[in-house]
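Labels run A, B, C, D and E following the written order; every chain starts at residue 1.
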Amino acid sequence: MPIQYYIVLALVLFCIGIIGVLIRRNAIIIFMCIELMLNAANLLLVAFSKMHNAAATATNSNVGIEGQLFVFFIMVVAAAEVSIGLAIIVMMFRNVHSIDVNFLNRLKN
Amino acid sequence: MNAIIFSALIGVVMMLGGIVIKNNASIQSLAIILLFILLGSHLAEYYNLFNIHIETHGMLAKNRFGMFFNTIIISLTLLYVLLSGDEIAKAGTYGAEYFALLFFSLCGATILSSYNNLLMLFLGVEIMTIPLFVLTASEKKNLKSNEAGLKYFLMGSFSTGILLMGIALYYGGTGLFAIEAGIGKNANEIQQTLRILLPLGLLFIFISLAFKVSAAPFHFWTPDVYDGAPSVFTSFMATIVKTAGFIAFIRLFELRSVDMSYSWKILLPLIIILTLLAGNITAVFQQSVKRMLAYSSIAHAGFMLFALYNPNDFGKQGILLYTVAYSLATIGTFAVLTKMKDYTYEGYNGLAKSKPVLAATNTIFLLSLAGIPLTAGFFAKYYMLASALKESTRNLWLVIVAVLFAAVSVYYYFRVIQAMYFKEGNAETTEIKPFFKVLLIIIAALIIVIGLMPSLLLDLFYA
Amino acid sequence: MAITEIIFWFLSALAVISAIMVVVSKSPVHSVLWLVTVFFAISGHYILLNAQFIAIVNIIVYAGAIMVLFLFVLMLMNLNKETEPQKNLWMKLTGVISGGCLLIILISLIRQATEIKGKIAITKTGDIGLIKVLGKELFSNYVVPFEISSVLFLSAMIGAVVIGKKD
Amino acid sequence: MLSVVNLSFIIHNSSNMNQLVYLIPLLPLIGFLVNGLLRKSLSKSVIAVIGSGVILASFIISLLLFFQVKNSGEQIINYFNLISIDKLVIPFAFQIDQLSSLFLLIITGIGFLIHVYSAAYMHEETNEHYGRYFAYLNLFVFSMLLLVMGANYVIMFFGWEGVGLCSYLLIGFWFKNNNYNYAAKKAFIMNRIGDLGFLLAVFWIIAKIGTVNYTDVFAAASSFSSTDITGITILLFVGAMGKSAQIPLYTWLPDAMAGPTPVSALIHAATMVTAGIYMIARSNILYSLSEITQHLVAIVGLATALFAATIAIKQNDIKKVLAYSTVSQLGYMFLGLGVGAYTGAVFHVMTHAFFKALLFLGAGSVIHAMHHEQDMRKMGGLKKYLPITHITFLVGCIAISGIPPFSGFFSKDEILAAAYEKNSIYWGIGVATAALTAFYMFRLYATTFLGNFRGTNNQAQHLHESPTAMTIPLIVLAALSIIGGFFNVPEVLGGHSSLHQFLSPALTSEIVHKSAHSTEYMLMGISVAIAVIAIIIAINKFSKKPELQETHGFAKVLENKWYVDELYDNIIVKPLNNLGGFFKNIIERKGIDGMVNGVGKLVNYSARQLRLLQNGLVGGYILFMVLAIIVLIYVWINDNHILSFFYKYF
Amino acid sequence: MVPVWLILIPLLTGLVSFGLQNAKVVKAWALFSTIISTTLIIAGIYFLPPSNLQFNAVWLTMLSSNFSFKIDGMSKMLCLLTAISFLIIFIAINKNEYKNSKSFYALMLLMQAGFMGVFTTTDALLFYFFWELALIPAYFLCSMWGGEKRIQVTFKFFVYTFTGSLIMLCGIIYLYFQTPNQTFSLESFYNLHLSHQQQSILFWLFFIAFAIKMPMFPFHTWQPDTYEQSSTGVTMALSGVMAKMGIFAVIRWVIPIFPEAVNHFNNIIIILSTIGIVYASLIAIKQDDLKRMIAYSSIAHIGLMCAAIFSQNNMAMQGVLIQMFNHGIVVIGLWVVADAVEQQLGTRKLSELGGLAQKAPALAIFIVVLAFANVALPLASSFIGEFLMLNGLFQHNILIAAIAGTTIILSAVYTLNMVQKIFYGNTVALTEKAVDISSNIKTALIILVTIIIVLGIYPQPMLNLVK
């Protein structure tokens, strides 16, 4: 598959994620949209990894492997982030019984 | 490597120690001892006495600049813990855990000073920030702290997304994650093929890192988070974490500057001016000293970006000097701030009378932040301006804009001095130990000494 | 049209549509489910690219563990029905327009790039995505980051405990 | 027109007098210091002796010097360099020549008499003020001597300003009275206006030849362009206008009568006000080169003479009449200078010093007797109470009216004769003024001394002749007023113009008298006749029935001095005051300060606006970030254009 | 070593005074310090071998900035002025009570160290250091002691001058990179060959800083407020010495480094200064507040100096040099009088005063001498300065000289007005109980008046000093 397709697809998903972050107020959904953005990056990485692998077939078959490993690490980090993020959201919910990000805006100016 | 390994290890030790030790004072002492060990092990590596060597396969690079920076941030952390240790321990029921988180965060910072691969950049940034999300939200009953934690987390994750997209594009452009990738590509090739992925990727990485160091217009999280977080952790975030972000920034971009010089000539000045504007001007309006310091940290980011814009000798030495000068002063002011009962300017009224030592040292910190000569802050700013003018005399206009904003900064820093010295009132503070005062005096003295002889510090770098 | 292309387009369409649904769904639970769909679609892409390890991890970790965690939290909060007050229409419009602009400007940039002209990502073949290869690489060249990510997990663990614990 | 001044007679060591020259100004200075510093501890008599003694000593030295100069001519004595920068060297040097030695005599001589007179006149003052008074007087004499003796314009300026200072101090001597203080201030400021002209002239001279020494300046005068010479002389003349109370800067002099009467006699009649005449006479070489300035000087002098005379007619304050008369006589002197009769002018300075000092001291004696009553409508018939004063005053009046053979006749005649040579209209106005002078002087005389006493009974009982310390100076001055004219009897009357001869080395040779003797006789006759008629009218009109009633119409305008003070107030003082107020309240506060504060306000305003961006909403923050990303990418794409645009301007 | 000691003595004594407790001891200590400084500078000028007037030591090797000091003619005079001024100030305010007096005297001494540094250093970076070192104590002095509105007013003063000096810093760094071997030494700045365009930009960068400091119209608004609000002892130092820093800096740092720009812009500056002279004088006439009046008078006098500098005439320059000294002495004298009046009567309003001469004859005599020195009457020291300056201006442009010359008229108007309103006339209720000045003020005034008159009669030593 031509690499442009993957790039465009990843960018579309990325931007949908961004739009989601912008238009939703529910903290969990915003967080999910961020996960969507991460996944877009993951997809792109894998696609690039295969692209580089294709470009350097004969010489070194391991070219492009780092892209996929990077995705693995992203998933690791994402998991850690989710644990913290959900903990914070739950804590907030306990205090104010809402997870609307606009509900909390004592901090401004 | 010692710094990374030991900082992670002392984090673990601290975490486990928390199970055994319940006494706050002991935890604090343990933390201090561990930090001394960390500093010692790092210095041992620095002077080639003892080094745990691990094959990193090019993930991390040992470099003098990073080593020196590590020395600085470890020392600053030590100073910070010495000054604010009891506040950390008091922040909640989990004193040991807080220390552990701080040490993990420090570990992230040390990674950032020596990474050689974008994967390590990514991991370093995450290791550094994830504990901070927790620390920010650590006052669980305090809605401000909750809010700050949530905001920080959401926006931090968002910036991580941007960073990853940037890294992906970078990878697409170069096929590697090593930061040297793409350097040395010959000029013809660059001209023949329109290369978009690499620069676009760098732009995204740039934006993400700009977020981390709170450069405008990606600074919006900073005031809210700094304000909402417990003061003692704000101090850590505003100093060690922030400067680590700059080091990460510089490591990446000093190598890239050749490629991208053309566009950066517009983007960086634009960002610098916006940052100075947002930081200085908005700080003027603030009523709370803590929030003012948050904006002031944005303003300082504007100055530190000069080093990125002009990565010459002056810029590199300057950023180290700036790190030290800014962090010392900020740690100091925050230490005083945490002792205040009222964080507004009025809360400082008459401090000079009730606590002359606090007022005097705080004045020196503020003078240093304002960049008044005879303090370290002056040379920090001086090096930044000089780096710009050394690069090109065309930068004169930028330098002038910067100093005009520096003049504005005097307004809000001096309001604190005015409150302390010239206004009537009785500023209330919590109990202050003599040791605390001694430390403050030492910091103030350091600021003055560096302000007189910056070479004392910088010679170490070149020695 | 080859079978790979059909699969590609199908998965892409599925991913995009599901992603849009994630954003527009009123119920948070629906959003979660749509997101799981997205992950499956992306995993499909991974398989198409012969990145089997990543595909599996994606399903296990993301679609399996993380999304279930999300669902748990939603259930815990009893937020399965629409509770989110409607955002100002203008805000939504601004969000969509700015996101759209970003997309357009990025895509137009990519279209100009000559460096990727004619480059392809190999589908269906190649063994770099195999667990064996990746595992070897991970525990040789990538052992340092692997170990370091343990620090990340430790801190996340402590953090979750510190925050989650009631006091 | 021009004859080269004889400069070469600088005689060294010809006499030990040279070594004493510095004593002339130094002695009064010492007197000033002693009296000033020790005024509280010294007794009045000691103060008076010191004060008068130093002047007497100076007078004696001056006299010796005078004779020496008469024999051996001019000397320049350098002491030290006041300023020495590059080529500009301004020495502290004295120039003793015929002109200055004559003035030295007038100053120290009359000064001495007035000191003596003052010793009695000021006796009512407390010790401290008495000492202060003599200190000021001594300082004044010192400054005046400096002015006259200086060998260059800068030293002259030292004295010039010094006398201004002393005048200020003495006019405001009774400082409790604020009117006096205003008068003092006015005098000083008006003088300063003139001083600016003087200074500018000095600068001009420096610009042209880089030195200010008289000898060098006059030697180089012929090389000046006509613009330079006109500019310099006019500016110098502006200085003279201030000091010598010429139109338009004359209004301070009548007000200066606020000072003690002996001060008026010394400063505002005999010496200081003639500084302008001295200066122009000193610079006669320059003036002779500029036709325009000469005409200007003559016209201003004449106008002042006439103008002041008209005012004097309607004044009722005895000192004010004398003051305007002084202004008028000074105008005469300037007429003389303007028409080239330098000797005539100097001669008139001398005779005027005699009779005007006499008149003032006489007036002082009257005032003393009347217990500080100065309004002559309340006097009358003092003839019998104050015999000596009366006689001497009458002598003064005759002298100033130009009746031969009293001194005023000769000096006035010389000026008038020269004026006639130049332009007969000058002469006509001059004669008319002389007639007015005779008229108002005898109006004064008649109202004061003739008729019946109109004062209160209390005053009448205490009327008495003044003490001898006051009458002796009167007598001496009366004698001088009578004989003073014989120093320079013109040839037409069989004399030798001895003063003219004496001064000729210092002054340019004047216009040769072309007129026939018969014309001169006729001119003298006419002026004397008119004066006599005026005197008769005045005595007739005022000896019996002085004007006590309110004045109307034109007379009122005259009584109010043509409303010149009001005019100045309205066209200069008030506008300047308003301008100052405008600057202070509008420009300074709203404009400049407002601009500076405006910057502060702008910062504050933008802070208030910028903080609105910080709205506390995560969505908002991220929106800004996204927008910023879009903008950054856009900028990044178009870097070329933007950068070249910037480089064009920076 | 003389310059180093001149800085170190006040610096160290100042730091020591922070630790002293007894107010009397502090006063004596400060006086002692200034006496030593004065002796030292006099010895340095007249007795010690000239080699002592220079000092060089390495400071920042990597920036090639050195501790280099040199006392030339102008520095001699200004150091002398600084030392004498502070001596007189300390004598004159000896009887005044300040709360927390140790800090007051300590800060005053630190400020003196700053002044000395500015006047002697030949290194641009060091110059900037001392420039600010003089400012910071001034900020604290003015904010801590003084009138009601002192805090805001001082803050304006501080920000204004600080902004100016920061802009100058940009200029200094710019020049630093222009020098061939990148140094801050004055010498190498003098040897620079800058293009016309560079000069025109840099000229303003430097000049604005100095114009604010002087202050020159229209950068002066901080000055009357600050002088009015701050405690008089401080005001003496500000107007007597600090204002001279601006003039000094223009002569040392602007004129020789940017000759072309000076040629190009001199008319603008002369015209502005001349406007300033008339403007400030007219405002001074309208002032009812004694301190504000002196402040505006000071602006007018400084304006004349500034115009004279830019007339680029050697005589005018000499005039400026000695006038810096003379104006310092005279204006300090006026402040001493103002302080004496305010301390005793508690008001500075001219309209509320009157007849003081009857109660305080000694003070009246001094004020008359000072007033006539202020109007530049011959025999007072300021005359020679103003004479030379106006002369120089005249050589430059006749009209400008005539307008600037009105200062001698206008200054007479406001000065005499002031003298009259305070000292003459009948006493009012306020002055009824007034007594004459105390011995310390008398001593201070005697010193001042002696200097004024001696230099007025025989100015040549001063002219030789600055040659």
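Heads up, the rule we're going with is that a residue touches a chain if its C-beta (ideal position, glycine included) is under 8 Å from a C-beta of that chain, and two chains touch if they have at least 3 such contacts.
Just so you know, these numbers come straight off a predicted model, no measurement behind them.
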Quickly list, by label, the chains bordering both chain A and chain E.
B, D
From the C-alpha centres, identify the chain that is farthest from chain E.
C
Most contact pairs found between chains A-C
Which chain has its Cα centroid closest to the overall Cα centroid?
E
Which whole number of Å gives the spacing of the CA centres of chain C and chain D?
102
CA centroids of chain A and chain C: separation to the nearest Å works out as 6
Distance from chain E to chain D - Cα centre to Cα centre, in angstrom
36
Between chain B and chain A, distance of the C-alpha-averaged centres to the nearest whole Å
26
Interface hub residues of chain A, defined as touching at least two other chains
3, 7, 17-18, 21-23, 25, 30-31, 42, 48-49, 51, 55, 63-64, 66, 69, 73, 77, 80-81, 84, 88-89, 91, 101, 105-109
Considering chain D alone, which of its residues make contact with at least two other chains?
611, 614, 616, 618-619, 622-623, 626-627, 629, 633
Going by residue number, chain E touches two or more other chains at none
Which chain pairs touch, all of them:
A-B, A-C, A-D, B-C, B-D, B-E, C-D, D-E
Would you mind writing out the residues of chain C in touch with chain D in their complex?
87, 91, 94-95, 98-99, 101-102, 105-106, 109
Would you tell me which residues of chain D are touching chain A in their complex?
611-612, 614-619, 622-623, 626
Contact footprint of chain B on chain A as seen in their complex
3, 7, 10, 14, 17, 21, 27, 30-31, 34, 37-38, 40-42, 44-45, 48-49, 51-52, 55, 63-64, 66-67, 69-70, 73-74, 77, 80-81, 84-85, 88-89, 91-92, 95-96, 101, 104-109
Which chain A residues qualify as touching chain C in the complex?
1-9, 11-13, 15-20, 22-26, 28-29, 31-33, 35-36, 39, 42-43, 46-51, 53-55, 61-66, 68-69, 71-73, 75-84, 86-91, 93, 99-100
Once bound in the complex, which stretches of chain D touch chain E?
80-86, 88, 128, 154, 157-158, 160-162, 165, 168-169, 172, 175-178, 181-182, 184-185, 188-189, 192-193, 195-196, 199-200, 202-204, 206-207, 576-577, 579-581, 583-584, 587-588, 592-593, 596-597, 600
